[in-house]
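Each of the next two complexes has chain A plus one more chain, namely chain B in the first and chain C in the second.
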Partner chain A sequence: MLQVLAIGLISAGIYALFAVGVVLVYRGTKVLTFAGGEVGTAALYVTAFLVTTHGMPWFVGALVAVVLAAGLGAVFELGLVRWSRDADPVVTSILTVALSATIFATEINLYGNNPTTLKTPVAVGSGIDVDGVIVSPIQIAAIVVAGLLGFGLQAFLRRTDFGLAILAAADDSTATRLVGVRVSRIRVVLWASSFALAAIAALLVEPTIGVITPGYASTLYLGGLAAAVIGGLDSLPGAVVGATVLGLAQSFADRYLKDLGLSGLDYVVTLALLLVVLLVRSYAPELRKRLTSPVEVTA
Partner chain B sequence: MTAVTLPLNRTTRVHLPMMPLGLVVALFLPALAAQTPLLNEPHALILTEACVLAIAGLSLNVLLGYAGQISLGQYAFVGVGAFTTGLVTGVPDLRLPWLVGLIASAGAGGVIALLVGLPALRLRGLYLAVVTISVAYAASESLFRVDRIGGGSAGKVVPPPYFGSHALSTSVDALTIGLVLLVLLLQVDVNLVRSRLGRAFRVVKADESVAASFGVDVARYKLTAFVLSGAIAGIAGCLDGTAFGTVTGQSFDYGHALALLVIVVLGGLGSRTGIVIAAFLTSIYPPLLVAIFGDGVRGWDQTVNGMVLILTVAFQPRGFAGAFRDAAEHRRMRAGGAPPLPPTRPNLPDLGRPVGMPAPRRTQPGTPVLEAHGVNVRFGGLQAVDGAGLRVDRGTIVALMGPNGAGKTTMFNAISGALAPDAGSVHFLGEDVSALPPHQRAARGMGRTFQLIGLAKDQSVYENLLIAQHLAAPYGVLSALTTVGSRRWERELRTRADQTLEGLGFGRFRDTPVSRLSHGQQRIVEIGCCLVTSPELVMLDEPSAGMSPAASEDLASTLIDIRDKLDRTVLLIEHNVPLVLGTADELYVMDAGRVIANGEPLDVVQRPEVVRAYLGEVSA
Partner chain C sequence: MSMLELHDVTAGFGAVTVLHGVTMVVQQGEIAGVFGLNGAGKSVTLKTVAGIVPARSGQIVFDGVDITRLDAETRVEMGMGHVPQGRQVFANLTVEENLRLGAYTLRRKQRSRYAAALDGVYDRFPVLRERRAQRAGTMSGGQQASLSVARALINEPRLVLVDEPSAGLSPKLQGDLRDVLQVVKDSGVTMVLVEQNVAFGLSLVDTAHLLQTGTVVHSSPVADLDEETLATHLGIGRVLAGATGSALTTRKASR
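Up next is the complex of A and B:
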């Protein structure tokens, strides 16, 4: 039981890290970014290139990778999103799918299917033993960072002028511009920080597996995306809660499906949870209405 | 009636003979080319893959291009089709023929797509994108890896089809099958676009409320789009399995999903020709580059595809087809000036009820067509309509006035079924329609227009007149896809559309997209669309808004024509007092959700409570 809980929370930490980046961009631009997974994977390759191939310290390599990811986010906004002929959020979201696919294909071309290794400051397999599951310090760090980001960023958005400007720009960019906020700068910052967060998330996940393959972080990123949607898409604490629910659901489902001889159905669980949450949420107002005030049918 | 007066057959003439010709080419060209050095087995396999991609592209186009439903997981349905073929034909003792596998793959694709489509009834845009991408992952990362489904790392074997006792197992055979399927499905696509099904998809994509007002059951057509698209994708999967002889989970990874998105976006959403061309180009160029530049460039095509997709989405989201259309439009704009104004004052033809629609129970003049009682609509904390009711007698023009925010349009929506009131009843032609969805109210003879023009604006005037007759041609999905049994209905629709076009004096705007017309012209087209099925009750939401005074006068005579010449009943929301006084037999005034006055128009507008509602309290 404790074991299942521990596994669930470890996944939840990872999902929450990705989900925070998803929600951040969504809150500021109404765009759903699908690229975080591959941005994270690319950051891992960059780190591995600097650390494994060129012998730099892990922290230096990781820092460079995060900065590069932020740079890519800024360039993506400045060079593409801004000039899109169709400024519809759905179109921009598709643009992130295309970006993700491009990065993925490039990773395959450069690294093929040769697994790349990255030596991390924390040894794999060491940590606290929770009922047979080894929880490493870096996994605890992921959970803590995710929680802090979720609630801390929410406070930042609500309490600071810059945060409020971000929220205002998402609701009505024209009006926000008219009161003197430079919306374009906000967008650059949002994309840069979202991509940087994806890189950080991937860097915190990687040591648990230790081997990088193309598309590595994308499967985990899908969990983040789902967690963000489950949490309501525009709430950062919601994203953290969504990630926790998803992580635990997967871990419990896996435990019981194993008894039935089924394994590896994590994505089916994600899909099912996503559907249930979305459908319940979309029917809820109607149900509530029907329960409280039935439509009178006069003869 | 001679065929000459049916101008729409123009396009039919181009397309119909194409199919037999295409079939002949598909059947014999690969075999002939295989005799020459031009086509060897590896080439044939590449071209078969292009057919798979083209068919998968057509399937995504049905969903995204026609019905406007996002699916990022479309390639999963191709996988479903491929594995189904393997599962069905691979049952050891049965030795079912390949054709059964083909049919089963289409069926399985359709059924799974139906399951994905059910939530789509409630979700739109980005939520649907996340759900469909999760479907793709659930399929490729989880389900296809279950041994019983995917056959483990060895994959599922797909036995070749047999022609008599001859196994069609070469790649040239597979190419022949692929081309035949492609030609047939292209014809299906042509039929679809030109049928009521295609039109229903387009109006659902443009605006769901408008679709419902024309009698389109939005939920049903969305699901139909999913099923149809899933079935076509399933066929692509069967072809894929047939071409390779085995199916493995790896065949349905990210790269393939990307290729599909690339061809549909690059080819241009909604353009079958563009998609097929893009499918063949993106399949042929990578091996061609490898042949020229050597193995070093292998795989980089995927990176290039990704970049092409980025640039296309950002700068030419409508793909090749869009670029060509833009260029043609540009030439046309430079060649001719603005089209001259049409004659005003439409002369509406009395078309009568279409034969395809049940005749409404007509009531006696002077008896109510519509009665609404105690309608309550609350939006959060706002009581938009508060116990309002009204009665419209047959053969009258009833106007509904009131200051902005009085709840007039909300009342209209409650009557037409566009929203469900919290309380109250609506009786139409003596029947309680309170529980009916809007499309069923439309089918009973309620026609309406919208404050912000309820038309598919990217479609031509003529197309809108056909869309509006959705209910008048009640043929099924199979007829729509094959044209069997649909032609006589289509002929009638086109006759009615032509007559309406002529009556409105809009002949020269026949093929003009509605968005190019002025607001007043759009309004006339909208009224024409509302009247083309000759509904019993014509509900007009602020028809004179944005019209010039002269146009308003013409509108007044049109309203009177609808009542006197067409013998129909009119309920209209209006702010234009002269128009109301000049036409209405009865006037209702709403304020803050309540009906505050009703009766003879000239009398009502002078009542103190009405004056107060408009001008506020006059302090002495």
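Up next is the complex of A and C:
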């Protein structure tokens, strides 16, 4: 049981890191971004290039990769998103798919399908033994960072002027400009932060596996997207809760369905959970109305 | 002394030109009303002054400074405040968060003055103090109108642009709003008021600028405005004997 919980929480930490980036951009721009996975993978290749090829310390390589990811987010906003700001947010979402495909193609071009190795920042095998599962310091860091980001960013949005401006710009960008907020700058910061978070998430996940291939983080990013939707898409703590529910559901399903001869059902569990959440969310208002409205008694 | 001057300003959207050389002067401390039929260019005039719609030609001067090419945010920093059309409070934020955002540039320049500015606004609009923690979107239309005006005032502007504030309000709430705007006027802040409801607008403004198809066809103090001019330029001859005519008579009598 403890083992299943530990594996579930490790997955939850990873999903939550991606989900927080998804929600941050969605809250500020109403755009659902699909590029985070490949941005994360690209950050891993940059880190591997600096650490494995050029012998830099892991933390220096990782820092450079995160800064470059943030820069890519800023350039993406300035070069593409800004020019489609009057279009439907779906158009910008499709742009993120195009960016993801471009990064993926570049990775294939440069590295092919061969796995690339990246040294881990901590010794392999070190960590806490939870009922036979070794939870590494990096995995603990992923869970802690995800929780801090989810709840810390929520406080940042409500308690700082810049955070309030992000929330206001999502509601009405013209009215926000008319109180003196430079909405265009906010959007650059949002995209840069989201891509930086994707890079951080990938860097915290990678040591668990140890090798990188093109598209490496995209599968995990899909989990982050699902967690964000489960959490309501516009709530940062909701994203963390959604990630926890998804991580635990996958872990329990994997453990107990395996006994029934059904293994590798991660995606099925994710989709089933999404379906249930979306159905409940769609029908909840109608159901609540029916349950609370007075019953008509006919003679 | 003039607070705002528009000289031969043209503006529009894409291939459509809406303003065809608007010229008007707003004196310091007065309320200037901009009236016209639907599509005359009233709101576009205000948006062009705000910097939301760029001027294609002409010149806009704010307190002696040419602001024609400056962006909307810089104009706010220079002392321009806005009460946008439809009130446009930030529905998901609380009353106090709305006010904090209204003071965005004040807090960046002189954070220490914010507490006093907030107190000043709460004294002027006590209902907002009572509802400081309430989400703005859950308040009544009249309370939202008060919040929209308060949000503009908290930044201590020298000029406030008010776009169709009475739209969608009941006659009772329009009366309350008139009182709110009167308080602002008495504090000496210059205002430009765009109104579709001429009767409501005439009950407040000092000067009237009448717009027809993107051009100012008449500018004068309300005292010099006659019913015939209104009927000619606004096409409201048939109803002039009603509310609009009485508002004009009341304003003239009060001067």
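The criterion applied here is as follows: the second predicted complex is superposed on the first by the 291 of 299 C-alpha atoms of A that agree within 3 Å, B and C clash if a C-alpha of one lies under 4 Å from a C-alpha of the other, contacts with A are read in each partner's own complex, and residues count from 1 in each chain.
The rule is short, and it goes like this: a contact is a pair of C-beta atoms (placed from the backbone, for glycine too) under 8 Å apart; a residue touches a chain by one contact, two chains touch by 3 or more.
Keep in mind that what you see is a predicted model, and the values were worked out from it rather than measured.
Chemist: Is this a clash or a fit when chain B and chain C both end up on chain A?
Modeler: fit
Chemist: After lining up the shared chain so the two structures overlap, which partner does A:A141 touch, if you call chain B first and chain C second: first, second, both or neither?
Modeler: It touches nothing on chain B or chain C.
Chemist: As a test of reading the superposition: which chain, chain B or chain C, is in touch with more residues of chain A?
Modeler: B
Chemist: A:V67 in the overlay: touching chain B, chain C, both, or neither? Say first, second, both or neither.
Modeler: Neither: A:V67 stays clear of chain B and chain C.
Chemist: For A:R177 in the superposed arrangement: first (chain B), second (chain C), both or neither?
Modeler: second
Chemist: In the overlay, answer first, second, both or neither for which of chain B and chain C A:F34 touches.
Modeler: first
Chemist: Quick one: classify A:V75 as touching chain B (first), chain C (second), both or neither.
Modeler: The answer is neither, since A:V75 touches no partner chain.
Chemist: Give one of first, second, both or neither to describe whether A:L164 is in contact with chain B, with chain C, with both, or with none.
Modeler: So A:L164 only meets chain C here.
Chemist: Measuring by CA atoms in the overlay, how small does the chain B-chain C distance get, in Å?
Modeler: For chain B and chain C in the superposition, the minimum C-alpha gap reads 5 Å.
Chemist: Per the definitions at the top, what is the overlap between the chain A residues touching chain B and those touching chain C?
Modeler: The answer is that chain A has no such residue.
Chemist: Which residues, counting only chain B, touch chain A once they are in their complex?
Modeler: Going through chain B, the ones touching chain A are 70, 72, 119, 122-123, 125-127, 129-131, 133-135, 137-138, 141-143, 145-146, 254-255, 258, 261, 265, 299-300, 302-303, 305-307, 309-310, 313-317, 373-374, 420-425, 432, 434-435.
Chemist: For a test of understanding, state which residues of chain A touch chain C in their complex under the given definition.
Modeler: 158, 161, 164-165, 167-168, 171-172, 174-182
Chemist: Of all residues in chain A, which touch chain B in the complex?
Modeler: Spelled out, the residues of chain A in touch with chain B are 32, 34, 80-81, 83-86, 89-91, 93-95, 97-99, 101-106, 108-109, 215, 218-219, 222, 225-226, 229, 262, 264-268, 270-271, 274-275, 278-279, 282-283, 289, 293, 295-299.
Chemist: Which residues of chain C touch chain A in their complex?
Modeler: That would be residues 50, 52, 72-73, 76-77, 82, 84, 88, 90-93, 97, 100-102, 104-105, 107-108, 151, 155 of chain C.
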